[in-house]
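Take a look at the structures listed below.
Heads up, the next two complexes both have chain A, just with different partners, chain B and then chain C.
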Partner chain A sequence: MNKIFAVSAVVIKEIYRRKDFYVLFFLTGLITFVMWLMNFFHDDQIIRFIKEICLFLILISALIISVTTAARQIPAERESRTIFPLLAKPIARWQVMVGKFAGCWFATGFALVVFYLFFGLVSASRDHTLPVAAYFQALWLLWQMLGIVIAMTLLGSVVLSAPSANMTIIFIVTIGILYIGGFLHKVAMGMSEPSASIVTAIYYIIPHLELYNMSELIVHDWPIVPWLDVLIATIYGFAYMTFFLTGACLAFRHKPLN
Partner chain B sequence: MRTPLLTMLLLLVLCFGLVAWMDPRHQARVEANVPAGQGTLAGLLGETRQTVADYFYTQADVYFHSGYYPSIFDEARKQEEQDSDVSHPEEGKSGKEEKGFMGPPLDWIDRFSRHFLPSRHTHLSGSAVGEMLPWLKLSADLDPHRIQTYIVTAYWLRQGLGKSAEAEDFVRDGLRANPHSPDLLFILGQIYLEDRKDYPRAKNIFLAAKKEWHKRDDPKPAVSKNGEETKDYLLLERILSGLVKEEEAVGNLQQALRYLEELKPDAGDPAAVQKRIDELKQKIQKKT
Partner chain C sequence: MLRFAERWYNACSPAIDNNILVSNDSTPMTAVLRTENLRVEYKSRELKQQTKVALKGLNLSVQPGEVFGYLGPNGAGKTTTMNVLLGYVNATSGAAYLFDVNTREPIARQRIGYLPELTYYYKFLTAEELLRFYARIFEIPKAETEKRIDQLLKVVELEHARKRPIRTYSKGMQQRAGLAQALINNPDLLLLDEPTSGLDPLGRMKVREIIQRLKNEGKTVFFSSHELGEVETICDRVAIMHQGELKVEGRVADLVKEYQCNLEQVFLKVVGYEPEPV
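Now for the complex of A and B:
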């Protein structure tokens, strides 16, 4: 376990030394602030519009941070040949992979906390309320989603040839699942065979990332999700994280490094 | 060391000077090419702006339902967009819950996912209706010729938020882009009649609306090839009713009677108009 934490600590240090997070946080803050300054019919109570844009920017920023970070981990180690001294130490390949995953996931979690603190401030400035439980649920679920995405990206980084190809594919798959993943069954019902069965199978196989996006509930002030459902979603997320991470470890075990 | 620094400073001053010289000319050129009522956003989006304007208008309806809205994959989407509750505010004002569009869940994922989405049909009420106004404003900025956007926004500003001045400004923006719209003139007349109690101005605006209605609808055939009514008699009825109210308010009952008689042939409910004519006649008799 210590070896995994040692690898993850290096990843976390690397992430906060890089400028990605700061730039994305600055851009999110700037765009949200400009939206906040916009005046619609002299109504200073309007907040849902700003909340929607801010949450969208947080989702995009979090995806960029997690995918770009995870996609570069193994290829960068191989390119700079630091993978050899790393593996020369008494550490298994799976421990390196799990350490990389934990580092990316914890660093993304920390970035999410900063983003949500900012979101809470923006929201409270006009709403004059701070639904902590709802924001915690949104943050927690988004973090689980990012865990699945990071595990997928790490698998892609050992299977695909270049980080750019991996990042592009992961972005397309993630955004595709987020926006149409939940409707594939409905779409399949209007199709003829064998397309209908194929689309239905895809629907059941893919990780349903849209479950982890609580933006609509937060924007429109709906009550919080029952905690049992959050727990089930967390277990569902862990199952997919484990699946992709196991795949990544297996692929990495047989991967020639030079 | 000093020479490169001075060169950089000189280049910076040169760039600043060039920008300061070019920017006003560029702005003037842009303004000359962009028709009235089309802002920077519209310029950026070009021909796609109408599609984006439609999307923003639908977003207002989505907000009106607090996010409970069919997706583009739901069959109910087209119907919901056509119904557009935000455009029929009287129905929305009741605040009662309507039947949902979701139906029974298709599978366990669908059932479970509903816990993470708005899953009840509600309508915004009170000051919360202001939340949908940014989308309507953006929609009008992108497509200033969509009259419905101005009508709906003005309604919510006046009836929902009591912001008559803002409604007037917005309708005037609409009139700048659509100077001959009888619908917008009618809304403006209503603001002067009901909110400002400025009867002479309200009368002038209603008369202008009536004139524009005749200019627009008189050349149209009574019924289209599909057998549908082409003239907007409902608008004419509302304009004439506005004039009747204004004349009654200033005590000019004879003129009010003339407007009612003009209204009767095209009214949706001629019997009700006749009843009002009779009541008004009695009033006039009592007065004399």
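Now for the complex of A and C:
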């Protein structure tokens, strides 16, 4: 485990020493601050709308951080050839991959905590309440979703040669699943065979990332999701993370480095 | 399980503790580095292109405490050998062993230090962060790590720059940081890939001094180089490769005596170089 944590610590150091990380923080913070300014108008509709935008921005910023960071981990190591002195040490390739995953996931988790903390404080200053449980559920489930996305991106970074192609595909797939993934089986009902079977199969194969987006729960002050459901979603997420990460480790294991 | 325990023991037990590795008259020395009929083929992705054979059944052995020079012109198979030893490339057939552990196993690299030809380190880290990172991979205890970092940065004369990011270092400083990372685990075997390439005369001298010091400490050094004068000065034995085959292997003094010329001329004869008449 120590080797995995050593690799992840370097990933985290790299992220916080990069400037683009702070640009995203600043932009999200700025828009959240604008939301706070809307308080003066006392218009609930606008505030709800702004809240929704802020949560969407948090989702997009977290997605950008996780995908761009994960997509360049292995290609950058290969390009700068830092992978060579690293693999000349007693570390297995799967440990490098898992370390990269852990680094990206923890860094994204930290970013999410900062985003939600800021958003929560700003919201609380207006609402005079802080629904901690709802915020925690939203944050936790979003973090699980990003774990799946990071594992998927790492797999793509080993299989595809260009990081830009990998990032584009992952963004399209993620956004696609988030917005239409949940309706695929309904779409399949109106289709003829074999398309209907194919679309239904896709519906059951893809990770349902849309289940992890709890924005509406916060925006409309809905009651929290039962904790058992959160646990099931976490297990479901872990299963997909393990699946993609195993694929990434296997692909990396057989990848010639010279 | 038993096999794993045996591999772990071979890889982790220091040479001095292992009776088999001790050189004396009664017990045979086990090679620190060994290749057996090592063959590496690179398959071309393009159709109709033939498979390139980089190594053709290489048999090599390096004994404990030796400074071994690995020579050959470009494309001779030196880098491929290094790649197999470091686990970057798998052998098509045959095998390579470090401390009797197959190089396919990451644990084979527990007791080695590797210095690449060029500096490939995380430029956003400082020298001490880099050393701390590699020490964690070797699972060196924290207190010992800090002690070694202080010692190594002193040896490679980077104490003054220990808290500066590596990207601000000159080439010579980066190479010395590289040498420090190669020594962080106090290795019994050092693999150096053209360690003095691109360094100024002072930098070369410092690297040579460090190799000499390691030799005096009983460490085994395996290094590839194009600097034949340097090899002649430092090495006990050399191997000369050409087109994936081992052409000559022996003690430097014996080769010089046998061919009745210096190592550079031996090298040129072995690779079949004939100067054109002026």
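By our rule, the second predicted complex is superposed on the first by the 247 of 258 C-alpha atoms of A that agree within 3 Å, B and C clash if a C-alpha of one lies under 4 Å from a C-alpha of the other, contacts with A are read in each partner's own complex, and residues count from 1 in each chain.
Convention: contacts are C-beta pairs under 8 Å (C-beta built on N, C-alpha and C of every residue); 3 or more make two chains touch, one makes a residue touch a chain.
This is a predicted model, so every value here is computed, not measured.
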Check your understanding: Since both structures carry chain A, what do chain B and chain C do when superposed there: clash or fit?
Key -> fit
Practice item. Applying the touch criterion given at the start, work out whether A:R17 contacts chain B, chain C, both or neither, answering first, second, both or neither. Key: second
Review point. Touching A:N2, do we find chain B (first), chain C (second), both, or neither?
Key: second
Practice item. Go through the superposed model and pick first if A:R48 touches only chain B, second if only chain C, both, or neither. Key: first
Review point. Of the two partner chains, chain B (first) and chain C (second), which one does A:L87 touch, if any: first, second, both, or neither?
Key: second
Check your understanding: Is A:L257 in contact with chain B, with chain C, with both, or with neither (first, second, both, neither)?
Key -> second
Practice item. Name the contact category of A:L211: first (chain B only), second (chain C only), both, or neither. Key: first
Study note, to complete from the structure: Of the two partners chain B and chain C, more of chain A gets touched by chain B
Point to revise | Touching partner for A:I180 - first (chain B), second (chain C), both, neither | key: first
Review point. Is A:I232 touching the first partner chain B, the second partner chain C, both, or neither of them?
Key: first
Practice item. Mind working out whether A:W222 is in touch with chain B, chain C, both or neither, as first, second, both or neither? Key: first
Exercise for review: Look across chain B and chain C in the superposition and give the shortest C-alpha distance you find, in Å.
Suggested key: 25
Check your understanding: Across the complex, what residues on chain C touch chain A?
Key -> 11, 79-80, 83, 86-89, 106-110, 112, 114, 116, 118, 120-125, 129, 133-134, 136-139, 178, 181, 191
**Study point:** chain A residues within the chain B interface of the complex
**Key:** 38, 40-43, 45-49, 141, 180, 182-183, 185-187, 189, 203-204, 208, 210-214, 216-217, 219-222, 225-226, 229, 232-233
Check your understanding: In the complex of these two chains, what residues of chain B are touching chain A?
Key -> 63, 66-67, 71, 73-74, 106-107, 109-110, 112-113, 115-118, 127, 130-131, 133-135, 137, 157, 161, 163, 166, 170
Revision key, fill the gap. Residue set of chain A touching chain C in the complex reads 2-3, 5-6, 9-10, 13-14, 17, 80-92, 256-258
